[in-house]
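A, B, C, D, E and F label the chains in the order they appear, each numbered from 1.
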């Protein structure tokens, strides 16, 4: 096995193309992102991941913009460069304004800071939070 | 220095009590959480952190519930037990329903999964995300 | 101190060259990877790290391929780009097939997801796991 | 919403009980672990997660023991206490010996160390790893 | 919103230029780093972050070099490439020698390793550490 | 294999007791911490880890207190509860004052915050940091 390579639509198996088609139709885009082209090296994971994403990111009790911003917050916290770029674009497409992005980053930053202050000071959970 | 201990209102310096008073007034609560009582061991960090949190978590382009849910998403990703408990409670107080919590966790879980799939497959950033 | 730079064999001290020689002999390779060339800025850490790696990665109760795949799983989880590339190559050299890589990534992805679901739902450890 | 609580079989909806039944049958266990009882607060995530786990952890190009050890390695790296306990037990059930556990932990430790050495020395990826 | 872009001094609002001026004066540098130029997309976060950094990194019970090395240790642990580069440079400017850098990395590496060994072996906190 | 258990001196092999003896002599303590008692389940890792720690934590270009504070900073960042407790105690023993602890936590918190701001704004490395 060498470094993973992307699989373009024309080179995909019928199973891969079916997933690509569904992504393109669901998102109304002319082509799928690199993420899917690399996952296509493993058609089962491609299919499972796409179906999970489609279910999880569908509108529900949380709207699509909120979900994309949460996705971005997690990706930034984990330092995933690809995911920060792709979900930054997705959140923008879902309507995130520059001001919303700015506030999102401010919250992500503070959460990462206070998570460590809580760890460092070894703060015990308040009894009220245990109910 | 032994293990950090909480500082109750009655034992706080005037500077500490001033922060506690502002937290209680801003949040309309009878007492501050353990997080603040431990940070009070360092009055400068207590004051700076509270003022930062107050600014960052105030309503703006994002509503308070969205901000609390993002805070919770980061805390869960980092595995901060205290923060997961305290911001779970805060998000609930801000109006998070069980269904919203469920969808939030589903998004956090998927983001953590696909962050690693992107890392592992070494997916390059799509040129479209670079503009 | 400026940015760390690699130390090539010809420029290494006798101590550094001895480690390089051992790496090349142990792994049957013509040159050492960049990782070692950068660590060579600190000959003590170079030597200690190599000796630890040699001991830890030697065949034992776990075979070398399993060890390389675990190394890759950790590197992907941590988002270490260099380590993902180098241990991906090492696992391949140890015999990892594309299908094994695919299943490895699927497990790594699911583990990262369910780790956060367990954190977020604040799941207590089952008594059976405490024995 | 208060703190999440476990849902026992008797209290589960038909959808939840169906997943529990499948877990018990697949794993040949008398009851499901706490992880599933908490996820049952969100039947869709319970079902999706279980089906994903069942697919990903099934024997394939990697055997079940290797998969469980990789799961444990990720959980230890992320510091997920619940997951370390549950997948430690699962790996043991799948046949992990104390010596295999010891070597697994040694690899996980070294990987976490060298991931940071690579980060800190800012080691560039060897051209050979890019093919 | 497209990808964030840097804001140069000439293009900054009066509020942004005031922060840039203070950074340049405090650090005695002719221009601010990219970090600040990107944060300037959100003047409130720019100002708050700079004021926090100025307070936290000022000489106190810990000297500036120690503080910069701790900053670098955290950045390396988190795998933040930008921060590793910028705080490596800042630590060097504060007087870090190559030997100090080497020992710092050695400690960071060992800490990351033993953190996982402690997690994996599920080591309970010694009673002596609870006082 | 059940849950790992500590190995007391009296129950240790000659190899384990030799390491315990060296730890006790080097640190001038009557007994070893739980960390070592658990690692003793794997005498090779016990020995290798102790020898590495002894080498890395010895006085050098960095003094022991600085090293312990860096260790604590990493442990807090990773959320390792055991390590935060044990290295908090070790730093205190090495002379860390409450004020130094407070400043250390403030730096750790800010570093974790700005690491994510740099990630989120996708800040490119300044050319000056590449030399």
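We take it that a residue touches a chain if its C-beta (ideal position, glycine included) is under 8 Å from a C-beta of that chain, and two chains touch if they have at least 3 such contacts.
None of the values given here were measured: they were computed from a predicted structure.
J.: Out of curiosity, which chains are bumping into both chain D and chain E?
T.: A, B, C, F
J.: Which of these pairs, A-B, D-E or B-D, matches B-F in more than half of the residue pairs in contact?
T.: B-D
J.: Which chain's centre, taken as the mean of its Cα atoms, is farthest from the centre of chain C?
T.: Of all chains, B has its centre farthest from that of chain C.
J.: With contacts defined as at the top, give the pair, E-F or C-E, that has more of them.
T.: E-F
J.: Of all chains present, which has the mean Cα position farthest from that of chain F?
T.: Measuring from the centre of chain F, the most distant chain centre belongs to A.
J.: What whole-number Å value describes the gap between the mean CA coordinates of chain A and chain C?
T.: Centre-to-centre distance between chain A and chain C: 27 Å.
J.: Once you find the CA centre of chain C and the CA centre of chain D, what distance in Å lies between them?
T.: Chain centres of chain C and chain D, defined by C-alpha means, are spaced 21 Å apart.
J.: Please output the residue numbers of chain F that touch at least 2 other chains, ranges allowed.
T.: Only 2-4, 41, 44-45, 48-49, 52, 56, 77-81, 85, 88, 97, 102-106, 108-110, 112-115, 117, 119, 121-122, 129-130 qualify.
J.: Which of line, ring, star, complete and other names the graph you get from chains that touch?
T.: Graph shape, chains as nodes and touching pairs as edges: complete.
J.: Over in the complex, which chain F residues touch chain C? Could you list them?
T.: Contacts found on chain F: 2-3, 44, 48, 52, 55-56, 129-131.
J.: Spell out the part of chain B that touches chain D in their complex, as residue ranges.
T.: The contact residues of chain B facing chain D are 79, 85, 88, 92, 96-98, 101-103, 105-106, 109.
J.: In their shared complex, at which residues does chain B touch chain A?
T.: Chain B residues touching chain A: 3-4, 33-35, 38-39, 41, 45, 49, 52-53, 56-57, 60-62, 66-67, 69-71, 73-75, 77-78, 80-83, 85-89, 97, 99-100, 102-104, 106-115, 117-119, 121-126, 128-130.
J.: Chain E touches which residues of chain C in the complex?
T.: Going through chain C, the ones touching chain E are 1-4, 41-42, 44-45, 48-49, 78-80.
J.: Name, in rising order, each residue of chain F that touches chain A in their complex.
T.: Those residues of chain F that touch chain A are 72, 76-77, 79, 81, 84-85, 88, 104-105, 108-110, 112-117, 119-122.
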